[in-house]
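Have a look at these structures, which come just after this line.
Next, two complexes with chain A in common: one pairs it with chain B, the other with chain C.
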Partner chain A sequence: MRFFRSRLSPPILLLMPAFVIIALVVALPLLFSLYTSFTGYRLVQPASLWQWVGWRNYQRLLTDVDFWWAFGRTLVFLTIALNLELVLGLGIALLIDKLTAGQRIIRTIMMFPMMFSPILVGFQFKYIFNDNVGLVNNAIQSLGWSDVTIPWLVNPVTANLAILMAEVWMSTPIFAILLLAGLMAMPRDPIEAAKVDGCNPWQVFRHITLPYLMPFVYIAMAIRSLDVARAYDMVKIMTNGGPAGRTELLWTLIARTGYQDARMGMANAMSYASILLSVYFTVYFFRKLAAARRTMGGVA
Partner chain B sequence: MTIFRGIRAALFSCAALGALAGVAHAADQQTDWGQFPGVTLKVKLIGGTQYEKLYTRLPEWEKATGAKVEIVSSKNHFELDREIKQDIASGTITWCVGSNHTSFAPQYGDLYIDLKDHVPQATLDQFVQGTLASSMVDGRLVQLPRVTDVSNLYYLKDLYENADNKAKYKEKFGTELAPPATYDELKQQIIFFASPPNLYGTAFAGKDEGMTGRFMEIVRANGGDMFDENWKPIFNSQAGIDALQWFIDIYNAKAVPAGTVNYTWDDIGQAFAAGTLAVDLDWPGFAAFYNDPAKSKVAGKVGFAVAPVGTSGKRGGWSGSHSFSVTEACDNKEAAVSLVTFLTDYDSAMMEARAGNLPARTQAFTDVVEEFKKSDTPYMAEMFTVWEKSLDEARTPPLVAQWIEVSNVIWPELQSAIVGQKTAKEALDTAAAKATQIMEDAGVLQ
Partner chain C sequence: MAEVKLQKLVKKYGNVGVVHGIDLTIAHNEFVVLVGPSGCGKSTTLRMIAGLEDISGGTISIGDRVVNDLPPRSRNISMVFQNYALYPHMTVKENLGFSLKIAKQDEATIEKRVAEAAEILGLTPLLARTPGELSGGQRQRVAMGRAIVRHPDVFLFDEPLSNLDAKLRGQMRVEIKKLHQKVKTTIVYVTHDQVEAMTLADRIVIMKDGHIEQVGTPAEVFEQPKNTFVATFIGSPPMNLLDATTATEGGRKVAKLADGVTLALPAAAADKVSDGQAITVGFRAEAFSPVGYGLTGDSEVAAIERTVTLPEPLGTETLLYTELGGKEVQGKMLNPRPVQPGEQLTFNLDLSRLHVFDKASGKSVLV
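And now, the complex of A and B:
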């Protein structure tokens, strides 16, 4: 008791349980996985946990062309998906905000895609884009637009677009709901004032609505950039990174290495190399968020 | 209870086989499953409609033994495999019985007991011996097989019986149109029948172990293999190049759906059932589905043929078995062994066979054919007869712990060659180099 009284202030004491819990559930597993990335740890051989291999896993990664392709593809996928979801989500939020009747029903319907598990979304879009019995090709052929079967999930461009489309379909509502919350919390006075001063709708949106929404945008971006790896299940079902690695993303590669191949040491090395991506996106969006809050004078 | 089971088994066998055979057979049945009152066995079982029907027999075993079965996990095999690996890693093997598969079993080391030491030889003798041999890893019987799988040909009979097709085929190739006996003939017919987008010659599993397995099948049929006796990868041999070229040729001829490189079993099954494939090299479990008019457009039109042979005159016969294993960590191995024996006994095998799966018990193979013939379903009887012919040459993938890992470096390279990014030789050399590294890292290949 004397120890606590003499050395630790009440705030530190009160925060201690939180620090201990975070250390146990976040810091320790992170340190452990960092350690395993320097070992030849294989899930099915517990003794390999002590097989120290130094930088070998990282050295192999540096020269692993497949890994860097997956890294680059994930970066491009994240950038396009997040921006597309933002634009579409913003558009949907603005439209719903204008509704005077039935807004609750529309909001509920809009959230339907979020309720599907990514695995189901994967199966759904795999069927839609199946080249033989799929919906899209059948529609194209039935409408007489073309007799040619388009291999949507084989061509490098269309396969990645199909995955992108599934991801956008599944996750745009998250942006829409967060931005709608921002719009609904927005004070109406500045907009009214701008209209009285003669601003047209675009000017109102560009100079009042959008700056006000930016903190919400960055929060949504930060959340989604961390959460986007949920798309793993979807990609796994649709293509599993194939064909010939054309749709391989870091998540499919790491999961295959870690769980199917049981090479957890290597998978963790891949994860630490790719964690740079997550750190970059998070830092970037939080800096933008802080800047947006400063611009708004601390609003939001 | 014992008497009741005996009488019931006898009655059932009479119905299936005729009185004499039935009575004789009932005498062979194990009916004493032991007494384990108060014991609760935790089990991890494969889930899914086709596998879970067997679990309706669990209450029967519980009643006979006084034990309880607690299913702590029921997932598809890939998820179950992942969970078991996590259990091994965390040292939390708190369960006794697990579903297993010949492709997965070598990875698990000494997780499971050697059932040879626990199951009477007389019982083991009742299994299909080839299937039982495939269930061994390093000389240890780590699993008791429940069903086995090997692929043979399904084909659309009306295409083969069509007079116009027959005449054109004869004119073009100088031989009669009949189900193919060799892979060369199969390729020829796949390309001959293809008329996309309404009809393709066939489709193949183009990713995951399905792709590697189909490739391995043709490599072996061509006289090659995946590894030499020292576990050096040798699938980039001429036999391997020819096997991969087979896939490339039918892909380039547009005789298979372009998306086949992303297909797995369900996609192929749906395509054949939709009538868009002329032939399909596939598993026995699809037979009933293809002949169900409610689900399949080709019901009543499906014929069977034994899988073709390769340039060596042999069949590749890629096979695998679903099975049950007992963990070393189990605190009541006797009860666990009783349960896995019960789940693979004659009655269980018949239950699996009636659902269209290849049973692992020799007697069930014979009996189910008779049963299908008597119940006026010659279609299924014919399927079992054809499939039984291919069992002799059936072989599992290499029973080595690194197989799945090696498979995972092979199939993306096969895809690269099939979609034209690499030549067959380049792709296989790259895959072989990666596979060699895996085997060296594991210390299997020095």
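And now, the complex of A and C:
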């Protein structure tokens, strides 16, 4: 063993492989992309990788209307989607928790949307909202409510709503399942104590159940704010950012800038600007989670 | 005025009856303890009074209202749960004030009542803490405080002390007793511990398998148990019970034990039994003492010489295990001297304190 003897302490030595791998697959690419955001790197001109432009990409971003529209739209989209998913997920969890029979099977069925690839969900909803052969228009016309063909995915407002709907359909189960886990782990005693203390069912929910569930809400929010970029697939498939960029979210805009327009330096600058958003949300929810766990006395 | 009245109260889970039509009237400001072995339906009964369980039959009234179909919040009761059931996300102060806040009391009233309750229970220094930062005994006190701030008509306690260690349990028992003296209110208290029942209750309700076996003051259930179940459940050590047959000897009714010993029955029991009847005679360890170490007074005694198989010294008294009527019995030696196993002693059995039960039904012939 003398051969391997090293001046490094065993813990550091043992962690070394992990460090090396993380450095290779995470840290280096990250640094590289950060570097490219300060260059005029174009995918089709490898030499441009060495063309240092300083803060120019970022300066342009500040005045780029399309970017800020996408930024704002993403923010609104996320806010609406996450809150809607939370409310629906909570409702579903509360209903399933009340079930006395068939709970297992419903629980399993409820998770189906999570098992689909977002691309498939995108195709599915694109079909549902298709103006000629789509399910929705077909239903409206068969029921005789209207015989106009509504161009769901072409009208900017309805297109955004359609995307929102697909997103909510796919991700509500994450909230439902996590909140259901919380409900099932919840002790009965405080609820009964609250009933005796004079609470009606709504007050029990408001003052006891909901505070107890908050850590689970934050866990779900934190998870969702990490994987929310999956919405890229659906936008890409359903509208590809159109019509006229009206459904463009940050992720589609960045991908378009980087790969279609081949302006990789610019795309990376956009990524770093928008990553702040992601980091902010994640940190925020983790903070909330830690605080909630403290006050719940470690029960969650 | 909050009298609690249970009439023909029944609880069934599916087809399984758990409480079989019990009748009980609890007077205003009375401290009643429901006691019985685990699973006999005490908690179920209490939870039906609270409104946490639906009732399958009968009526419950609190004051002059029938509350059968009222939700817990409309019954003006408070309950202390076995596991405290504090709200983990609220401070002690918020826990105490919660019911008042829900009742939309103004801040000043809440502040005042919480301070009062905290003072009574010694919680004032802990008001800012959360339940997670309290010891078991402190949590128990918060649970009690939460119950008393409301000034309810009835307090319900479900085994509130069973999660505490023996020493703390003793202390809290005293505190609950004092609390009742301070805040005169009707209390229904559930426990499986007969010592708690004896020390706390104005009246004890002894339950078994969903039936009430006996209701009475601690002295009554101790001295005049209605049946062998109550006789063995109340009192420590449990009453000695021996099978016997009645006969008439020398003009007196006697009980003949399995080993031939005859015991003259007390006059009150004599005319309630017929010759040859199978009975169970019972006596407490206090009524069976070595000569000179216990029995005083001039009631009639039977002198019985026995070998001590095991002495169990408890300080001010020693329990003596020996044999009578073919069974192991316990006697009590007051102001004891050291006793060795195998020692021969003459015991006096106080015949006036014999209990006589019909063997078949287990019912006392005396009450």
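In the analysis below, the second predicted complex is superposed on the first by the 266 of 300 C-alpha atoms of A that agree within 3 Å, B and C clash if a C-alpha of one lies under 4 Å from a C-alpha of the other, contacts with A are read in each partner's own complex, and residues count from 1 in each chain.
Heads up, the rule we're going with is that contacts are C-beta pairs under 8 Å (C-beta built on N, C-alpha and C of every residue); 3 or more make two chains touch, one makes a residue touch a chain.
Just so you know, these numbers come straight off a predicted model, no measurement behind them.
Once the two complexes are overlaid through chain A, chain B and chain C fit side by side, free of any clash as defined at the top of the document. Contact with chain C, but none with chain B, is seen for A:295 once the two complexes are overlaid on the shared chain.
Of the two partner chains placed by superposition, only chain B is touched by A:151; chain C is not. Rounded to the nearest 10, the angle made at the CA centre of chain A by the CA centres of chain B and chain C in the overlaid structures is 150 degrees. Of the two partner chains, chain C is the only one touched by A:211; chain B is not. After overlaying the two complexes on the shared chain, residue contacts for A:91 are found with neither chain B nor chain C.
By the touch criterion stated above, A:194 is placed in contact with chain C alone, chain B being left untouched.
When the two complexes are overlaid on their common chain A, residue A:203 makes contact with chain C while staying clear of chain B. Considering which of chain B and chain C touches more of chain A, the answer is B. Contacts of A:259 after superposition on the shared chain: chain B is touched, whereas chain C is not. After superposing the two complexes on chain A, the closest approach between C-alpha atoms of chain B and chain C comes to 51 Å. Comparing the two interfaces of chain A, the one with chain B and the one with chain C have no residue in common. Contacts from chain A toward chain C in the complex involve residues 187, 189-190, 192-200, 203, 207-208, 211-212, 295-299. Of all residues in chain B, only 78, 81-82, 85-86, 88-89, 91, 107-109, 196-197, 200, 203, 206-208, 257-259, 261-262, 267, 270-271, 274, 276, 401, 404-405, 408, 411-413, 415-416, 418-419, 421, 441 touch chain A in the complex they form. Residues 40, 43-46, 126, 130-134, 137, 141, 147-149, 151-154, 238-245, 256, 259-264 of chain A are the ones that touch chain B when the two sit in their complex. The part of chain C that touches chain A in the complex is made up of residues 50-52, 71-73, 77-79, 81, 83-89, 98-99, 102-103, 130-133, 146, 150.
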